[in-house]
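Here the chain labels run A, B, C and D in written order, and each chain numbers its own residues starting at 1.
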Amino acid sequence: MSHLTIGNRLEKNVTAQSMYDRSNSLTSGHRACQGCGEALAARCILDAAYIATDGKVAVINATGCLEVFSCVYPENSWQIPWLHSLFGNAPAVATGVAAAFKRQGKENVRVIAQGGDGALADIGMGCLSGMFDRNDDVLCVCYDNQAYMNTGVQRSGATPAFSRTATTLPTGDYLGNDVQTGKNLPKIAMAHGIPYVATASVSNIHDLEKKVAKAIHLKGARYLHVHVPCPLGWGYPTSETIKVARLAVQCGLFPLFEAERGKVIKSTPINAPLKVEEYLKGQRRFAHLFGKNASSDALITLQNIADDNIREYALVGDPNE
Amino acid sequence: MNKPFATVLDSATSLKNKTGSWRTMRPEYVTMLPPCNATCPAGENIQQWLSLAQEGKFREAWEVMVKDNPFPATMGRVCYHTCERVCNRDQFDGAVNINLIERSIGDIAIANGWQFESVPETKNKKILIIGGGPSGLTAAYFLRKLGYGVAIYESHIKLGGMMRYGVPRYRLPGDVMDSEIRRIIDMGVSVVCNRMVSDIKTEARDFDAVYIAIGAYQAIKASLNVQEGSNTIDAVELLRKLEDYPSSLPTLGKKVIVYGGGNTAIDAARTVLRLGAESVKIVYRRTINNLSAHDTEIHEALEEGIEILCLRTINTVEKGKVLLDIMNYDEENDILSKTEQTDSLPADSVIFAVGQSLDKEILKGTKEISISEHGVIEIDRNMMTGAEGIFAGGDAIMGKRTVTHAIGAGKKAAKCIDAYLQGLEPSVNIKNPAATFKRLNTAYFPQNPRVNVSRLGDISFEEKNISYFDQEIVDEASRCFSCGNCFHCDNCYGYCPDNAIIKYPDGSLEINLDYCKGCGMCVAECPCGSMKMTLDE
Amino acid sequence: MFQVRIHGRGGQGVVTAAEMLSVAAFLEGKYAQAFPSFGSERMGAPVMAFCRISDKEIRLREPIMEPNAVIVQDSTVIDSADAFRGVVEKGFILVNSTNDIICNLKNVTLKCIGATEIALEHIGRPIPNAVLLGSFAGLTGILKLESVIEAIKTKFSGAIAEKNIHAARVAYDKTLGEA
Amino acid sequence: MLYQLEGSHAIARTVALCRPGVVCAYPISPQTHILEGLEELIRGKKLENCEYLNVESEMGALSVAIGGEAAGVRSYTATSSQGLLYMIEAVYNASGLELPIVMTLGNRALGAPINIWNDHSDAMSARDAGWIMFFAETNQEAADLHILAFKVAEKVHCPVIVNVDGFILTHAYDRVDIPSQDKVDDFLPPYAPKASLDVNHPVAIGTMVPPEYFMEVRHLAHRKQEDSLAVIECTAHAFEKKFGRNSGGLLRRYGSPNADTVIVAMGSVAGTIKDAVDELNQEGGQFEELSIICYRPFPAEALRNSLKNAKRIIVVEKSLAVGIGGILSREVELTMKGCDVDVITVVAGLGGRNITKSMLKECFNKKSHEKITFLGLRNDIIGKQYVPINGDCC
């Protein structure tokens, strides 16, 4: 018996994902890769939103893997109202939908804009920032798989340091994506002072669902940044998506927290942080940091990033508390 | 107005895209044999009753226990719980306290007067069981359940065998044992105590089969020099006298030496401490690591102040003292040899606990029953002796003389006798593959060390009340990893990116191969290793 | 068709003046078309605006090159903007100035009026456009003063409107008085 | 009721009468006064039940309108020039999703060089985007076309751009009749979407369409636009019946009915051309003016019928396809294929260059034309600045 598992035979419906009659907002037959973290996270988030709103939720999807694998004529995997417009405009379209619902007196129908890190951190950041700026009544969900997966794993503004992508191939002295680059989208969201910003991991469905349930009913602009490993882009066996996501959290590289009006109010503790190597070593995108031409400097740099997160978000609780 | 062509689609039309065709490997649910179950001499389904205990279903848990073992309260006290030694959780944060849970539930059964179902004697066949110890009683229990008539002839004045005469009362209170024996007898077993059997064949005439479960009561004599005037007694005899005729106990004096390294030696030492000895020393020929007694028993004995002197053999017992040879033990080659050195210890009395053997007396009249070179009754794989219809089991046939093994033997004997009487071969249990630690995904089990309840208190024959409270049972049982057995955590269902696991309203799960792409996430995230990937056909 | 060109600097209400003129004409049942010289001029830069007034629908969309009247809101732009260019015979030139202005055109009525001074006195701000429209009504007789006053009301409200109207009336009377 | 109004405000007030539920825009000259006007009407509660959104870019503006329309609410936006280019991806998207958004385009040149003045380059950049495109001649028509645009858009489920010449119309004060709310309501019923985001009937909008079906999607879009021609004509008749004036439709003819020379144009320049044609005909000429009001779908059949007796067609257009020449004129030429008629391209008014009546008259009077004429081109500059590139490969 465990309280960390998705369900619990002694307690019904501990999570939306454990319900035998869950909504399966994203249903079977979609064309996501085997072991897709994004497909899983999307279903979890939208099912949680579905329950929290009694089915009154509509989704605006940016172009990207999620859109391409879920809705190719004549096969649609969605079981909720869903709209795809463009790569860079999902938050703005969602604003329009929310405005229309308000106009129709249907503000109880909650609007979610969703897309990948490319769609939101890069090409759509203007529209995202505008949506935050106006405090539009939209929950924006970013499925962060840290590169442009749909086009073949190119670097995005969310690609981590030293990561190998098709456009940051380690060669010679070049160790993959440069340090001191990239965008911290949750912090950018927080800087807008919007009502709610949270990070979540597909490896912690309980936490993810709680954050969705909270965020979905708040008024104004909300942002949820979800870490979704990609077996293809990151280079690990398809069965290890949850494991990789879990390790990212447990080493401190992906801190889980909640912020309200720009201030962190809560973080999820990791009691015994793992070394970043535990997370990195199973992924081909970091393989050049290990083995013959291993770079201890790079590992130290990444460990420092994790350690900074652990300090900044107080991930290791004060034992006196 | 019709929807725009192609750009607008009804929901869930992708269901016709059967992504199962992408798969090369597929997951399947498996049931693996948890190490606790695998190692239990009585063949208990520990994992299953722990699972029920987690749910607070103590009656159901007890019902599962007594499917294999009619003595939960007894076993929860005297079993040396090999299950805990192999428990996968031992590699994580401490084995589940299986023994104490069993005892606690056994006690609840006694307190609530839960009884076994009385089965009519539908088989019209009678079986004689010679010996009313754990093996004989267990055989009686299972045979009654199968509808046979059963009679037990017991040579002692009370039933219980080694449970009564080998285990001291501070470990197993008489009322607990009596309750569990009574429950079996109440199923309709006829019992004759104080009845020595001298001619098995003659006795067997009125029965369709016989089960010899006479134990091993003959104390093995150590080859040493016992001088006159010295005060010696066999441990078996001491314990029996204490049970049946306490007044006939010899005076042991203040300083007592116990000779031997098994559980009986420890039992005897702790018993004489309780009888008033001031100093009790165990003399053992090998090193402390080689003691065959159970670790917890040794530990408790030491805690009670008993000294264990290793690498010593008794050469001579004199009045008031023993003379010892100091030994050398080559552990690697298992060679024990005397050194030149000697030692002596003051001793008001010496108790021998160097082993027991079968009392061959009753077998004399039955030539077909042969005795092995190890001094036990020889049986075939179906537990039958050389004599047709006469079976044997328990301490009389084997080296591992524990109550738990005896119970296991009694259970198997009943099965073999049943098969024999029906002219069949006994069914063979096909064992599932082992649920090893590395199959588990311990990420789902937060550190939660086991809760021990202290056994120590005043040194007396009174057992301290150390059963778990109900909630403690639930909490400790909840530590079970459920190795290799689905505990319905729904991880497979919740983590499947393709919704290729169907969950039914009753919680049962099924893999929907129409959509399963074979990513293996369900298998990887199964906490208990009850799924595996297999090549797709 | 009567065509008016207004010159001035950004911020002086040149475009507003043209619009008010068109509104005044509209109120008299005429067709009118007002439009600025489009550009991205900032405060202080020379600007122009135009107004056509006609009894028929106006379809022409070209800038006014041969105006029947020119209004100069700021006399310092006269040279640089060539403000009097193309004024037709019997045309009118109305300049916001207390000095005499030299004009070489023949058969053109030139009138100078200290509109900024009047604006400062009656409005309190140096915005001469409404003042000049009052003077324009008096000078040309193309529009009634009452129409100009109604047009002013569409651009200003409350006390500001009253002050502008008063200043326009003063300018109208002054222009007529000096005629 | 008649008003003397700035064109932008006439448009804003008319759009408000159409009761949009979502209005969003991003400032860009010369469209800006329209959104300011609407903002004022909405905040002042003259237009109720409407969400006004100040967006961060034109991409955001049209995207918000896409969202609003997809959720089943009449949505409106406006832009100009670079703004249209900035949102062009969404322009194609809106028509592909069959969302009947109405957008005003305050026509303006495209940079570089940056130029804020009027021409039709922006409209031409979106001519193949699948939107219906109207061009307004006057501010009255600019206002009226918005009522027609909503009506047509929602009938055929296709977005509409109403082209209004920047500054020339948007900033001009003119007499405009603003109809009553009752009349507009009567003409334009509430919006009934073809498909929308509805929790009771969930659909997915905006699927990916593979090669097996894509051509059919495009073919259907083309057929729909062709069918829209009749709808546009019929709606203009209905409008005339309701409001008592001719606005919109496919095209409009003016002048001598059997003229040798027909001047084809779009937008406000038609007014100046009409004055020129009147004068030329008074001087004994045979000229006719033809305005294309509905540029997309292109009214080829109506145009061919109107021009079948012409000897000479002069297309005055405010745009230039560098490397090929006229755009509208080429389309007219293709339309007249097989007829014995000269089609002459007159590129005029680029980047706000004045188009005067006298320039036009002179041009129309010329007996022979170059294949392409740049009206009012400053040959002194060209003479200095044009240096032929020699034909070598390096």
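Rule of thumb we're sticking to: a residue touches a chain if its C-beta (ideal position, glycine included) is under 8 Å from a C-beta of that chain, and two chains touch if they have at least 3 such contacts.
Computed from a predicted model, the values in this text were never measured in an experiment.
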item	value
Most widely separated chain from chain A, with each centre as the mean of CA atoms	C
Separation of mean Cα positions, chain D and chain C [Å, integer]	34
Chain A and chain C, separation of their C-alpha mean positions in angstrom	64
Chain centre separation in whole Å, for chain B relative to chain A (CA means)	51
Averaged-CA centre spacing for the pair chain D and chain B, given as whole angstrom	92
Sequence positions of chain A contacting 2 or more other chains	71, 73-74, 76, 78-80
Chain D residues counted as touching two or more neighbouring chains	97, 202-207, 209, 213
Shared interface positions of chain B, touching two or more other chains	6-7, 9-11
Touch-based graph of the chains, sorted into line, ring, star, complete or other	other
Chain B to chain D touching residues, read off their complex	1-11
Of all residues in chain A, those that touch chain D in their complex	55-58, 60-61, 67-68, 71-74, 76, 78-86, 88-89, 92-104, 109, 126-127, 129-130, 133-134, 136
In the complex, chain D residues that touch chain A	21-22, 24, 49-51, 53-57, 59-61, 63-73, 75, 89-90, 93, 97, 197-199, 202-210, 213
Of chain D, residues touching chain B in the complex	96-98, 157, 192, 194-195, 202-207, 209, 213, 216-217, 220
Parts of chain A lying in touch with chain B, wherever the complex brings them together	1-10, 15, 17-18, 20-21, 24, 26-32, 34-37, 39-40, 43-44, 70-71, 73-80, 205, 231, 237-243, 246
